[in-house]
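Both of the next two complexes hold chain A, though its partner changes from chain B to chain C.
Our next item is the complex of A and B:
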């Protein structure tokens, strides 16, 4: 089964969480729930800002070092976008449950691939942001995230946006970046061998994909990117639809 | 962590008064279940059960390990349940809560000890290599009756799961990938589903009990006692767990078992129907019969 590169989302579908979202892209499906601001245990309390707790749970098995690493990336990222100073001595819980990962050849076995755990990071980041939006958490900005794999072959190199797991593993280097809606970089994770030129090209491509707000037509025409892959547009349209649905009685 | 909000005195009184008038808060009859929804994932062994607002996602995985030295012929079957903060913020991640312990114990009793999954069939080389089947029960949303829903979810996922085909030559075991050989289903001996009853002391008649089926979270919080009956569709009783202090009339309790049996028959047909629908969806071009690696017995 070929996984769709087009993202899809379902918002506010869990009834007891303050905000929730199910996001799928590239064969990954993540269910996210946000609770907060709620009471925080005394030992974790911060006097000046809200505590953010991120929990990543794998589809099979219990979380290990890989999940802790992803949690630490998510934690430092979300701290930047949530207005934590608005909620001193509170807790914001973000739970991300992975429910589907791309099919690999060994059906049913635990998906253990060393080094490839970053592949799910864009899906986790996107789910967390959509769940936060669903919970109406005050945010400084929203972020959008894209992964890119570079297949370098001698002198020629090929950039693949939203690589599949196979493309991800066979790539010479992979890059995961997240940008705010103002076009500022938030997360930059790279893996593999690459040159500075490679990296700069990736940076510009992802920026165009994530952001491309003003002068969109010019930018896209220049870089050959169609508006369809734009993640920011996707988040906006998903939220727009949700609000329209919630306010259907209004018209 | 904040504590779970207990129902207020008003809620309690309103509920009791409704019960006295033979009403439930959501308008169901006392023995009526909420709508059951079951869907399967793209991968084998993924089942998503919705019972009203309760939602359970089960993922089955298998890997080859060494068996326990005292049981060299038995494969391993483990069920893990964890109530995450996704369900409700008062569940802590590190410490198992009471409902969680209860849930895992009942699932253990109902599915593992009743030998629903034939663990001997998971043996590859006695004493050296066996399959270890693991069921991860993810509770996404909790609105009462977790036990029944998880039980359906695990059994449906087990029926949906296919483990890779293997062949053994002396001490060497070859595990074939999906492309090489079509995976084989697990050997399941019977399907014991759970049905939970909630008991309330009657306010109309002294000493009588009101029995509710498929209770919501509020009804669960207000109940005086409960009984979980695990039974398969052939009427073989696998386990009974009666919790809470309230005493229940023996005849009424036997009646519960009959109700459970009728309900389990319904669930079984429903799950089989959904499995058949899913198999049809996967069976592109009617090739499945030829590709199958298992023998007809």
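Our next item is the complex of A and C:
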């Protein structure tokens, strides 16, 4: 089964949560729920800003070191975009439940998945942002995230955006980046062997994909990258639809 | 009204076109919910919604339906009494949020000798007097200037229904029929159904009528209008159905 690179999302479908989103891309499906601002236990509260709690739950079994690492990346990223100073002594809870992962030959074996734990990061980030938007949480900006795999064999190299798990695992290096809607980098995670030129090319490519005003880039950087998959446009259209539906009564 | 208002879709952090903001020779610009001002002169939205402007009042705000109720000064809310201390009640405005305080003397005609006896679970219709990010919200059930209740106070009988924040806003519009495309209540009244209603900005609506069956039917009709986004015609049909069944 070939998983679709096209993202899809379902917004505000959990009626008990303040905000929720189910996002799928590349064979990964993540349910995200946001609750907040709510009361926080005394021992955890921060006097000047909101506490953000990120919970990542794997598709099978209980979370371990891998999930804690993903949570720490998500936590430091979301802290930058949520206006935490608006809600001192409150808690904002972001729960991300992975429900679907792409098929691989060692399903359920943690050893193989451990090497590629970054593959799910863009889906987690995107789900968290969409769930926050659905909860109308005050944000400074939104972020969009893209993964890129580089396949290099000596002379030639090929960039693949939104790689499948197979492409991800066979790549010489993989890069996950997230940008704000103004084109500022927030997350930069790289894994594997690559040169500084490779990295710079990836940086520019992802920036173009995450940033609407950067749509025009020169042909060299566009190698192996189709014009589609602009994540900012996707978030815009998904949210625009939801807002229009919510405010159907508004003239 | 519609002629002075415009609306466009915005996302958090979008750069607003200065031409889209209203300008007025004398009135200062009023920023409503969903916007923030970054000194010196940047205004950006913080939520996804429709940017609305009112040239006459020189106001700009973002209209959205969502999430959790955040207390704001002047809002009317339906609160549940949780417990009482020496001279205050602790009331819950939304679940799992810090409790709001309601002084026992801020009821109509309350004195140190005659204060209202409210136990756990009692409902009050109250106004938010203080809402500050660093402090728990404070409520009152009496108008400070006149000393009269003006419709606020304990709600006895009836039942509370949860609705979305957007629906609460629609119900509280000065002209819900023209501005909010909401005719369900007028239609129910027109069918001869007698009921009392109180709408809380925190996404709660209290309904009371002379029978439990009627109360539940009316509450459900309001919830259905909200969840299924019923059009005016569908609301009329629903009101007729509800009135027939009661």
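Note that the second predicted complex is superposed on the first by the 228 of 251 C-alpha atoms of A that agree within 3 Å, B and C clash if a C-alpha of one lies under 4 Å from a C-alpha of the other, contacts with A are read in each partner's own complex, and residues count from 1 in each chain.
Operating definition for what follows: a residue touches a chain if its C-beta (ideal position, glycine included) is under 8 Å from a C-beta of that chain, and two chains touch if they have at least 3 such contacts.
All figures in this text were calculated on a predicted structure; none of them were measured in a lab.
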Exercise for the section: Look at A:163 in the shared chain and tell me whether it touches chain B only, chain C only, both, or neither; answer first, second, both or neither. Expected result: neither
Exercise for the section: Quick one: classify A:39 as touching chain B (first), chain C (second), both or neither. Expected result: both
Problem - Partner contacting more residues of chain A (chain B vs chain C) - result: C
Exercise for the section: Would you check which partner chain A:100 touches, where first means chain B only, second means chain C only, and both and neither mean what they say? Expected result: first
Exercise for the section: Pick one for A:31: touches chain B only (first), chain C only (second), both, or neither. Expected result: first
Practice task
Please work out whether A:62 is in contact with chain B alone, chain C alone, both, or neither, and reply first, second, both or neither.
Solution key: first
Practice task
Identify the partner contact of A:136: answer first if only chain B is touched, second if only chain C is, both if each is, neither if none is.
Solution key: second
Exercise for the section: State which residues of chain A lie in both footprints, the one left by chain B and the one left by chain C. Expected result: 35-36, 38-39
Handout entry: In the complex with chain A, residue positions of chain C that touch it
Key = 2, 7, 9, 11-14, 34, 36, 44, 46-50, 63-68, 70, 96-98, 133-134, 166, 170, 179-182, 229
Practice task
Spell out the residues on chain A that touch chain C in their complex, using ranges where they run on.
Solution key: 12, 18-19, 34-39, 81, 83, 86-90, 133-142, 180-182, 235-236, 239-240, 242-251
Practice task
Provide the residue numbers of chain B that touch chain A in the complex, in ascending order.
Solution key: 1-2, 41-46, 53, 55, 57, 59-63, 80, 82, 84-89, 93, 134, 136, 138, 140-143, 161-164, 175, 177-179, 183
Problem - chain A - residues contacting chain B, complex - result: 1, 14-17, 20, 31, 33, 35-36, 38-39, 41, 53, 55, 57, 59-62, 93, 95, 97, 99-100, 103, 105-110
